[in-house]
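Next come two complexes, and both contain subunit A; in the first it sits with subunit B, in the second with subunit C.
Up next, the complex of A and B:
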């Protein structure tokens, strides 16, 4: 809607606007690919650490090249990212502090060095920390790659585009290896895929992507683009390929919608793309069919009722004497609230487990068989039994 | 500027005194509470919280239009708490792991905060000049009132910490046991988390959102290396934190163009580095020295055992042998031989060596000792 409104207002989007959206979308795709693996490998915070600690690398690179898009600078910054990973792992290995503390110690120190380096050379460096943290997507189209007087488009588009092609190529080449090593490191090692090479390969790609995307979209958005789409996709599927696709989809959608929100509010593009990612995550977090918070709470409630039902049935089976099975007595004996007893009774009725005659509750044949099975399971505690039990429980839910 | 002059200036100059005092109190508070975060393995929570506080600051400004730092910090506190408990919700209710939850909340909240900040900057009534300082912190903007607030909050933290010391300690090391004892673990947990959030929020103005987590972690991680007692660790962390604040302020005040936050973080990192290397019991240096010493002892014992096996085959244990036969044995060096002589286990006569009675006994009980050690 917003997009249409703008097209009508301005007749057509300007060239620069299209280019910004393309850069943002490509950055989103390039981030979503390594991000998915980082999330699955429980290394999401590493991307945060890398995005901060490449700052000194960028500053040094900038001193040398004076160009934020030069390949040397990207290489230097990526090396700093890998150094961060190695440092974190070294500190972990000494056993002096826990893993996450190691991350938390390394990146602020490196980031501070970067900030101080910028501050000390503030006069002759055209680089400012805000821009590093937030990026300047709006200015990206003005820094153009010109080869022998032919305008080839914005520089950052070329940078992030080649990184994307690189990581897609590596993804297709090593998909199987990545998949196995992500889900079963031991198996991957025994099959002959070196976990170390895959690990550092992934770390290198993450560093390079962070650096490449960083100039366009800033440090914080890089982290958001890596983690948020992957985490959102993770709530929707357990299939790696689908997760990658969903993550890419969410990334691109929020890149484009975020751009228009920023346009509308006249605010930071990076900030509003992140906000769109946040809104999408919130929606999925609440409403995802199986793993969303509402589904989880509903399931927990169901399970509570089911356990109550089981307790109730066991109680009935244990007591043959009528006094114990009187409706009034049950209420006080099992000590449930009215509402809850009603739900449990309804459930039992619906499944033909009990009958009530003259205020005496008794098990039907079906209920009796079911309870026997349940007791059997509780006593033997064998896994084979629980499979049948599960089927029975699904009966209740339907 | 020499040191004495600087110290004199700290006491005479209003701004410098306020800033030094502020950063010292802040360092002490974060060090104290950071110990708990580090030991609870929630080190990165600080990072997430400090980033999550940003939209709170911006929203507080948007709603009240006030630049009063206390109102803004209240907003930061609320949004920090929302972030913290949302992280909890994600970890407990979905299968997303803690690292992803932290990174997610961190980046999403911060991004939203940046959106709001840039939005505020475009507003016509923008007397917003103060909001940027929360990104990297500006210790120079501290006034006496801020220091009082910090001191007050730190005091409350300290009192609560002392009052519930036993509960905090037991929850830290054995949460399940605490529950069985009948303590309300949830309340204690919420209490300590709230205080951690509070400490972070207090530091935002001085150190800034981005580097606040280091203030929480570094003093505690450094203190951890020197002691195994919680009380000592909390105290040491507070001292390290305060010292980082004081030194950091001193360095940034005497240099041009250096903001205080990053300098404090660097100083705190130096504390960590020194502790990692030089701590007597856990430090890398002494660990390496111990390692080398153990290896030497082992070599010594190996040589002695080898000699013992040769001497055993002779009736007279003091029968001399040439040193040549030791040469093809790894444990042998000139040094170890000298050491054995020094210990009176071996006598040397030119190129010949022989075991003494003492050395023979020591060697024969070498294995027994090891067995009894096991």
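Up next, the complex of A and C:
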């Protein structure tokens, strides 16, 4: 008896685990799609505003339907989301305050209305502020969709799944319109793709997605799912389609790894997912091949050394007299520290541009050709060409 | 002169927050001219273009393109916004930006195919940017970015071209390349309207000019109306230009 109960229990648990991971992953994908466009439109903060200000919509919807997953509730919440955007734009348009201030004014007002509504009805309502802020992913598998005695899985999976399908459908249908209106509003308008329709369309789908992902991660952390994967993807690619795919990938990876971190630490799932998002962003921010901090610093250092090298070679070409080309003299003469002189000297030597005899430095034929060409480019104002020329001459870069 | 009228603007008034930036503009632009719109900062030059293109809603007046409202004539019009109006860090390539010019003829939902790609490549070739087609747009120089914008307008194969300060922040080579393409367009019978800043080059580049400073000061052939009188009226100071023969 006991053993049987244990087996059933265990099986339920592992099913629930899988379901939680699926819900979290689907929520992550659904958030990454509008999130990518929000990031590119510099509207990340709008998603924060929407995620908070849909609360009164949710509360009113819940009062009416008594069901957190009812379509009416999602619709009402989405409408509140759109109202937020309209209010922000209206306040901003008066020119009295800037956009960030307008956002800061609107969403706390709406959010607090929701909080008061919950507090006033706390006794007979199964809805608390903690759940709204942080989500109840761990409990999602218990609220199941049952149709004529057949268990069709967790309700929230159906909700966020439907939203994802809608979102993907719209993305495929209007990808080119979204792209052009995000990149160049003026062109989109002149071509007949109304930027207003696309803007409010995107805002609507962002609101709907936010409501759908609410269950999974709550109001605060849904922002992270929208923005962090897109921001991370932005650092890795110059292609919009790839940016969308990477954002989806990072979202899913964080959802699943975050779940297991929470399992291992016995901590909040939503918190762990968000932590994973942060860690991945940090890693990419540091190590991304082109836009990463380390790559940027490395490029700067390389450029500094190569400019120094060119200065050094020009000096050699300008001075035939031996005392100007003595290794010891160079340090003080070009006014470089020992370390820098050595780096530059090594680089020139490795690239076969100089020879050193009796401490006297001379240009090789190759070094002379390189310098002559560089001077040509400098005096004809084509400095940018020097960068391409380096590929032909350098065996080692700075 | 029985030239057809390409663009007709009637009593156009545009306001931002109830402050008029364009007052009662009447304008007839004949087909086949290469026209500069000149005027001081804040004169409403860009606003005029944007209102003609329906991007801004006027509070009064109307605009027609070959006798019909703009909404019905979109296919005839190409627009090059100011280079600074877009985010050049957007994740896309030069070719992709030029392809956007074909979106108007495709309409909603339909996607660009081989035909559109071929047209975009030809336009890139025309502006000398074919070798850069796969370059990310942030890695292009200011002049190259402007050429990409021009190629995007060319790919629309329009009858009327509107360009908002195409020479801003470009090098001399690009400026010459752009003006040569604009002159070719005029030769092919197209109408080209350019918001322009450099008064010195007006007689050399353009054959038609509109002086604008909230109100329309004058419009007509450069050789007839590009004079100190109109410049003074527009810029409000005693203006002296020597027009080289």
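Everything below uses one rule, namely that the second predicted complex is superposed on the first by the 287 of 398 C-alpha atoms of A that agree within 3 Å, B and C clash if a C-alpha of one lies under 4 Å from a C-alpha of the other, contacts with A are read in each partner's own complex, and residues count from 1 in each chain.
One rule holds for everything that comes next: contacts are C-beta pairs under 8 Å (C-beta built on N, C-alpha and C of every residue); 3 or more make two chains touch, one makes a residue touch a chain.
Computed from a predicted structure; not experimentally measured.
By the touch criterion stated above, A:221 is placed in contact with subunit B alone, subunit C being left untouched. Looking at the shared chain after the overlay, A:243 reaches subunit C, while subunit B stays out of its contact range.
When the two complexes are overlaid on their common chain A, residue A:234 makes contact with subunit B and with subunit C alike.
Touching more residues of subunit A than its counterpart among subunit B and subunit C is B.
Shared-chain residue A:345: touches no atom of subunit B or subunit C. When the two structures are aligned on the shared chain, A:285 is found in touch with subunit B, with no touch to subunit C. Contacts of A:83 after superposition on the shared chain: neither subunit B nor subunit C is touched. By the touch criterion defined above, A:176 lies against subunit C but remains apart from subunit B after alignment on the C-alpha atoms of chain A. By the touch criterion stated above, A:119 is placed in contact with subunit B alone, subunit C being left untouched. In the superposed model, A:103 makes contact with subunit B only, not with subunit C.
Applying the stated touch rule to the two superposed structures, the overlap between the subunit B and subunit C interfaces on subunit A comprises residues 42, 234. Within the complex formed with subunit C, the subunit A residues making contact are 40, 42, 95, 173-177, 179-180, 182-187, 189-193, 234, 237-240, 242-243, 384.
Touching subunit B in their complex are the following residues of subunit A: 39, 42-45, 47-48, 52, 91, 94, 96-98, 100-101, 103-105, 108-109, 111-113, 115-116, 119-120, 122, 129-130, 133-134, 220-221, 223-224, 226-228, 230-231, 234-235, 262, 265-268, 270-275, 277-278, 281, 285, 291-293, 296-297. Of all residues in subunit C, only 17, 50, 53-55, 71, 74, 77, 79, 81, 85-87, 90-93, 97, 100, 103-104, 106-109, 111-112, 136, 138, 141, 152 touch subunit A in the complex they form.
Within the complex formed with subunit A, the subunit B residues making contact are 38, 41-44, 46-47, 51, 89-90, 93-97, 99-104, 106-119, 122, 132, 135-136, 210-211, 213-214, 216-218, 221, 224-225, 257-259, 261-263, 265-266, 269, 272, 276, 282, 284.
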